[in-house]
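Multiple structures are listed underneath, in structure tokens.
Consider the two complexes below, in which chain A is the common component and chain B and chain C are the respective partners.
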Partner chain A sequence: MKAYVTASGVISPQRTHDTHGFPEHVYETVANRMQCLEPDYQTMINPLQLRRMPRILKMGLASAKICLERAGNIDPDAIIVGTGLGCLDNLEKFLLDMLDKDERITSVLPFINSTHNAVASQIAMDLQNYGYNYTYCHRALSFESALQDALMHVSEKPAASVLVGGIDECTDDFVRLHDYLGFWKHPVNNLDLFREPGSGTIAGEGSAFFLLSGRPHNEETVLLQAVQTLFMPEGNADPETVAAELDLFLADNDTTPSDLDVVILGLSGDHHDDYIYRQLRRNYFAPETSYAGFKHLCGEYYTAPAFAFWLGTTIIKGQHVPAVVLRDSEQKDVIDRILIYNHFKNTEHGLMLLTRAKEGSV
Partner chain B sequence: MPRRVFVTGMGIISAAGIGTGAILESINHLKTGIGKLSLFPSRHDHLPVAEVKRTNAELTVLAGIDRNRDIYSRNALLALIAAEQAYGCRTFRKVPDHRTGLVMATTVGGMDLNERCYHSLKRDGTYRDYVRVFDSADCTEKVAIRFGIKNYVSTISTACSSSANAIMLGARLIRNNKLDRVLAGGSDALTKFTLNGFHALEILSPTGCRPFDRDRNGLTIGEGAALVMLESEVSADPEYVLCEITGYANVNEAYHQTASSPGGKGAYMAMEQAVAAASLKPVDIDYINAHGTGTEVNDLAEGKAIGDLFGDRIPAVSSTKAFTGHTLGAAGAMEAVLSTLAIVHQIVLPGLNFEVPMPELSFVPVQQKDHAEIHHVISNSFGFGGNNTSLVLSRA
Partner chain C sequence: MEELIDQLKQEIIEVLSLEDVVPEDFDADTPLFVEGLGLDSIDALELILLMERKYNIKIEDPKERRNVLRNVRAMAECITSYKN
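Right, the complex of A and B next:
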């Protein structure tokens, strides 16, 4: 159950949609929210459709198309999307229309577009793809669930290609409602996120799609080895428990902590939430391993692990850990193995293991 | 050799009854769960709906919840009640904890609370703690906490095929030897949001749905939850085996965000592939529990697809939505439970409200409960975004 990562298409708060590799310029802002740098959709999406298409569908469709084009226009056997909150903006629109107008609905379009699987079905319609089409909506496990399904597909049918993505949009109301719960820091420079003391993080968003294949198509260099999710409601998750789960996960994949060249951690800048990462680094991972954070580049959102996945593939391909993601550590000369570990509020935990593909490695 | 997947437990709460016994009783007496809206005030209260006739306070007691410990949406209460029936009522053979998983499905999650407090929440943060329970995963996590499931917990949302897909995923996780036991199903509470959405789409029936009738006039929205316990051979106690999941298929019609293609292409592909996946032929199918919403478009597309696939040997067909209403994210699991009952009791389930055959179709739906040899059943679930799923359930 391994898969080649054939291509990616990413729209994020960084300039990722038209760059290969890590972008040269890193986007900085002073805010408690990061928004996507969106491409000009005119060249990718039919203008007639574009006019009425909600932003999240544009982001999803465009990043999927960028990914497939880079993969050599492969028609995927399956389309699997992870989205924590789905088409949130349209859900809010329809809800407010209904509440404000006392159930005299002015437009049904936001209702149609509020369905969580609208992104996956929009992609299927655009590609005229009749294959398997799933949407996972489980908070911070949404993208990892989609990846697990993709790996299962490849194991059921080794020749299969699976388009898999993680997508979430940030809205004004989302930021406002979660501000009441103390989710965000006061406006802060995103590049200083990990240096800001106290609680809270920066809200983010993004759409990252990948083509996974059981067999290599081009000269793939990155392999997805394994994905594991864990649900540990607050109180159950402490660094020792997570370390025990990591042991099992790594052992299942014939890996020890010292084999890991880079560990990408879901550091969010929230002192409480980052405690597990700090403890694991101190007591579990090997001292020579490099550490990277990523949420200062994309913000916190349920499918942020999809951005980390892109970062991991980029690091392996380029054999380079960009200085802006390195956390108080050095880069190793050769990067063969990357672990991505993310958790959300000590509740949903996701583990992903990427390796550098070698001849005959599947 | 792929591993076999058995249904060894099930739970259901719907307008037509709480528990499999009650719902079977309603079906035996041709008693619909469809009636008048009472859960919330609405401009559309003249439209019939299929409510679970219990207040949230009553559901809280049924779900065995200590008061004030946490915030429960109606959706989560329904799910917990059905989950208890499927999982909580008996002891299981011991399998390692990490071999048990949970896959739930919903379309609008905690919307019933969201729509009640959104305004005051947005204005000044009143009810701020409710924000945590609006999404699709909240209900799943509450069920996971109840049963201590932690190694595979996920939620699917593919509109009205959601919980059929949850069952299909559960079966795949077992077949692929990822897990031995999966609790799978879905839930959706009746909400103003969905009532208004379907009303705005102009597909709600003013009289109560009439699946596969020439004069059908739309769907009736319902609520509820249903879950099945799926187990591998390793885990399943033969004494509890109710049926086997032998086939499944999910396809996308790639036609329209809300409407099915007139020819029923998606329905055809889903049924054909599911039957093939079960290593069966169409002629082996004894009963189809249809998606059968009672809308102009669905019943025509699905009916045509049935005609095309089964030719002159069309099995018994009915839609049980005339009893339960269309329960959206719960529908697929609810109908899998009903299909299991058809196998266990060796009966074909009737529909309701049928009078005049559709001129386009060569079959009419079953109208009376009939004893019959039931070896293989197809359960269809189709959703927005062209998401079509068929499950094949077989006598074990």
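Right, the complex of A and C next:
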């Protein structure tokens, strides 16, 4: 099961929505939360629809439209979305409204727009698309689960185009409640995230959509080779266990650790999480491999791996690892294989393997 | 009555998130649905809620609802009649 990555559309805390490749300037802030730099939605969404849409729907629909436009306005055969928290802001509004009104009649729109699958259905309605439409809500494995489903589609129908995305929004209440649980650092410069000692990270959000297909549409250069998810409910997987899983995953794809040109790690600046990455780097991956981090650019959120996926495709296409993501290593001359490894609180671990496409790769 | 009409216009804009509309864009007799403001059935639900929550007016009869929500003046008249 492999698929070409035909196009992408990304709205993130960096200026990714209107740039091809990696943005020239990186957004820097001192905070414990990063918010998306959003486009002018009025230029891409019908104003009548716009007034009813909460922010997350605007982000999702706009990034999906950017992706499809870059792919040549293809009507996808399937729309698959991964989201950890869904339309959280409207869910909060709806539930608070119920409390305030003593469970009597509540506002209509926050209820309609509070479901997790609102993004996928909004995209389908906008495109008048009656194809397969599915939303995965598997916490930090939501995007990887959506990708696995997309790969199965492409495997069954190589000519099919699948729009797949990962989206989550950050709300004031979410940040406040998770602050009590020690999720965040005190306000910190995002570019210094990996240098800040101790626990906690920066909250983030984003929406990233990709068009996958079993056949090349134009000059695709990136192939999604495989995706794997590991669920460790005890939250105590040690680096050796992860290394054993990595061995199996790479072997299944005829790859060894020394074949990897770049490894994108989900480093979050929280030493409780990052020790696994550091130990794997020391003991498992090859010394000449380049390493990249990404959460200092987008923050931590359940579908942050979608941002890493975009970063991986951008690196392969441009054959360049931007200095701001490179971690204590040097870039190789040729970048053919990228492994993305992310875990959330040592519970949900996701692996994605990207390669540079060559003719007849699929 | 005129004061209530102005107040209702502002509330309709807020409740329905009519971002590009200002109170001067429609008058008391402008139809709210289809033509005029071009509202639809979901907007109707929000306006029914507005009447219930803000003015404690619950209209059970669908025909009467349609009549009351035809324009801002009808809404204002309904609110005034319930007050009296």
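Quick note on the criterion: the second predicted complex is superposed on the first by the 356 of 362 C-alpha atoms of A that agree within 3 Å, B and C clash if a C-alpha of one lies under 4 Å from a C-alpha of the other, contacts with A are read in each partner's own complex, and residues count from 1 in each chain.
Just so it is clear, a residue touches a chain if its C-beta (ideal position, glycine included) is under 8 Å from a C-beta of that chain, and two chains touch if they have at least 3 such contacts.
Computed from a prediction, not measured in an experiment: that's the story for all the values here.
Once the two complexes are laid over each other on the shared chain, residue contacts for A:Ile316 go to neither chain B nor chain C.
In the superposition on chain A, A:Met98 contacts chain B only, with no contact to chain C.
Look at A:Thr135: by the touch rule set out above, it reaches chain B but stays clear of chain C. After overlaying the two complexes on the shared chain, residue contacts for A:Pro47 are found with chain C alone; chain B is out of touch. In the superposed pair of complexes, A:Val108 makes contact with chain B and with chain C alike.
Once the two complexes are overlaid on the shared chain, A:Leu297 sits clear of chain B and of chain C alike.
When the two complexes are overlaid, the chain among chain B and chain C that reaches more residues of chain A is B. Touch criterion not met for A:Val227: it reaches neither chain B nor chain C. In the superposition on chain A, contact of A:Leu353 is made with neither chain B nor chain C. Comparing the two complexes, residues 105, 107-108, 112 of chain A contact chain B in one case and chain C in the other. Those residues of chain A lying in contact with chain B across their complex are 79, 84-86, 94-96, 98-99, 102-105, 107-108, 111-118, 120-122, 124-125, 127-139, 141, 145, 149, 152, 155-156, 173, 176-178, 180-181, 229-233, 236, 347. Partner chain C is touched in their complex by these residues of chain A: 47-48, 50-52, 101, 105, 107-109, 112. Only residues 16-20, 38, 42, 45-46, 49, 52-53 of chain C touch chain A when the two sit together in their complex. The touching residues of chain B, counted against chain A in their complex, run 42-44, 107, 114-115, 118-119, 121-122, 125, 128-129, 131-132, 135-137, 140-141, 144-145, 149-159, 165, 169, 172-173, 176, 178, 192-193, 196-197, 199-201, 250-258, 266, 269, 383-387.
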